[in-house]
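Two complexes, one shared chain (chain A), two partners (chain B, chain C).
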Partner chain A sequence: MDITINKQDEKTLVTLNGRIDTSSANQFQQDIAPLMEGDRPDIDIDCSGMTYTSSQGLRIFLMLQKSVIARKGNLVMRNMNPMVKEVFDITGFSNIITIL
Partner chain B sequence: MHCEMILDEYRKRMPLYERLNVFVINKLRTCLDENHILVAGLESRIKTENSLVGKLELKGYKYNSIDDITDIVGFRIITFYSNEVDIISALVEQMFDIDWENSVDKRKMLEIDRFGYMSLHYICRIPETMYKDPTMPELNQMRFELQMRSSLQHVWANMYHDMGYKSDVEVPLEYQRDMNRLAGMLELADEQFGRIRKEITDYRRKVQALVASGNFDEVTLDGDTFRSYLELKPFMRLAKKIAAINQAELYEDSLMPYYKILLRLNMKTIGDIVRLRNDCEEAAYQLALLQLAGTGLDIVAYSVALQNICIVYILKKGFGVAGLTQLFTALYGASNYNAQHAHRIFEQAQRINLI
Partner chain C sequence: MTKKRFNPITDKSSEIIDFLMASPDMPFDEALRFKLRLSIEEAVENVVCYAYEGGIGWLEVGTSLDHDSLILTIELRDAGVPFNPLEAPDPDVSLPANERKVGGLGIFLCKKMMDSINYQYVDGNNVLTMTKRV
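Take a look at the complex of A and B:
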């Protein structure tokens, strides 16, 4: 899983590429640590390159979403491929995280 | 000359004022928190030297010593509703020693044909039973002012102050009538807000009792009744059954976003939702079983239960792919993906003979 994080004005643009699974989840959690800091974050995650997420990935996104809400911020995931979106749908996670 | 002495004493006492300020503001904040009272504002200030000089120039003759000036340290609690002023003042009376001779309830000072600035001003001391610092024994002797007023009374006072007046007698006669009309309107609005809030609180209590009694057909579906119903965790049995498919962790998210969906599905009472659940529960589980079994996904949201119930209901009603697309659009916002998702669910439903 490759992740890039760029600050653009007040927005934090994140790009994800690859799979989040057992072998990559720990590294992914460390990589997104900068997103867990700061007040009123406005985070936009481009998921077009994300090919799969396991439950570990869902837990990390849930943790990020809770952290963003606690800091009165906003989190959006976009351009998810249909296979990945289905994981969010069938687990009910599409009800928790804004996916555009 | 005696004004100079007062100013010297003021400077000497500044550390005491600062200590008093911090102590009282913390006490007030804790008291409001403990009593679950949300206020619009909690302010404090120590009178500046310039402001004190101004006061002494105007009214210096009234003060023999600095102890006669009771508002050097001042606090203000701004409530949302006017009736909360009485609740808070009762708490303040329990906390601090009140100097009743110098406290003023301006709300009671107005004559029946007059409106205007109304708030409650208490002059207080910290009782030794509450706090005693041997290094600052004067702290318990020092008086401070505590003002309590509603948000609208605060607006009134600020407007008045902004126009450069401190009391309604200063307002030019030609504007007095307009000011009185405004004051009357704010007082009426204050009362109405308080009344409406009380009625809503009573309604919510009634609704909770009705929901708890299980007379669901008598409970009209609205935001309050749905929230009360959700407290009974009505979809937990299904959610746990779905979670058990993969021995998954269940994350309890809010079902409130489904309120507007249930209205769209023409649910009129909580009883309608109970029937919806009972009629669709098994098929909703079968759909989850088809989707989740073998995926290894071991975390699911509580909302997946109601999500699947709505899906099944829409399909049973014959609304098909278009109905599902509308559901997903209402839930997740407009997206090209909603139609694809609807098609996929429709195919899955056909495979398990839901349609």
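Take a look at the complex of A and C:
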């Protein structure tokens, strides 16, 4: 899993590439640590390169969303591939995170 | 039947998942492989993380394909603490984010992605069998 985080003024643009699975989840959690800081974050994640996530990825996205809500911020995930989107749909994550 | 026993299994999740995904019984279709990989990962992680205290123990995994019905069977067998993962209640997927618990989604995803999932405790072993028409 490769991740780029780009802070532009008020917005934080994130790009994900690869798989979030048992071998990459711990590193991914460390890599997104900068997103867990700051007031009223406005985070926009481009998921077009994310080819897979297991429940370990979902766990991290839920932690991120809880943290964003607690800081009165906004989190958007976009361009999700249909198979990854299905995982978000089945688990109800499509209702707790804005997916565009 | 493609079969292999891994021992010990500490930190071996990726190797075990890759072994199963490389089985000649596996389909080529990308969407099917996605669902199978996800189910396998969740089931394997369950054993690797929780079956053995201290993580020392074995896990035997295998696949078989019925060429008439095209039903793929994936079996996991371990000698860890007796544990039926199907007994855990499904998570409430309708709750808002702040009420959602972190975790508990793995076996739920297996149930949703596979056609059937079955647990038995046989001869001191946990045996989890998952099937999917491919």
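The definition used in the following text is that the second predicted complex is superposed on the first by the 100 of 100 C-alpha atoms of A that agree within 3 Å, B and C clash if a C-alpha of one lies under 4 Å from a C-alpha of the other, contacts with A are read in each partner's own complex, and residues count from 1 in each chain.
Assume a residue touches a chain if its C-beta (ideal position, glycine included) is under 8 Å from a C-beta of that chain, and two chains touch if they have at least 3 such contacts.
As the structure is a computational prediction, the values presented were derived from the model and not from experiment.
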item	value
Simultaneous placement of chain C and chain B on chain A, clash or fit	clash
Chain B versus chain C as contact partner of A:I69, first or second or both or neither	second
Partner chain in contact with A:Y52 - chain B first, chain C second, else both or neither	second
First, second, both or neither for A:A33, with chain B first and chain C second	neither
First, second, both or neither for A:M83, with chain B first and chain C second	second
First (chain B), second (chain C), both or neither touched by A:S23	second
First (chain B), second (chain C), both or neither touched by A:T98	first
Superposition clash, chain B versus chain C, among 165-173, 273-281 or 291-299	291-299
Chain A positions touched by chain B in one structure and by chain C in the second	54-55, 58-59, 62, 82, 87, 90-92, 95-96
Chain C partner contacts - residues on chain A that touch it in the complex	21-23, 52, 54-56, 58-59, 62-63, 65-66, 69, 82-83, 87, 90-92, 95-97
Chain A contact footprint on chain B (complex, rising order)	248, 251, 253, 257, 288, 291-292, 295-305, 307, 331-333, 335, 337, 340-341, 344
Residue ranges of chain C in contact with chain A within the complex	13-14, 17, 30-31, 34-35, 37-38, 41-42, 44-45, 91, 93-98, 100, 102-103, 105-106, 108-109, 112
Chain A residues within the chain B interface of the complex	54-55, 58-59, 62, 80, 82, 85-87, 89-96, 98-100
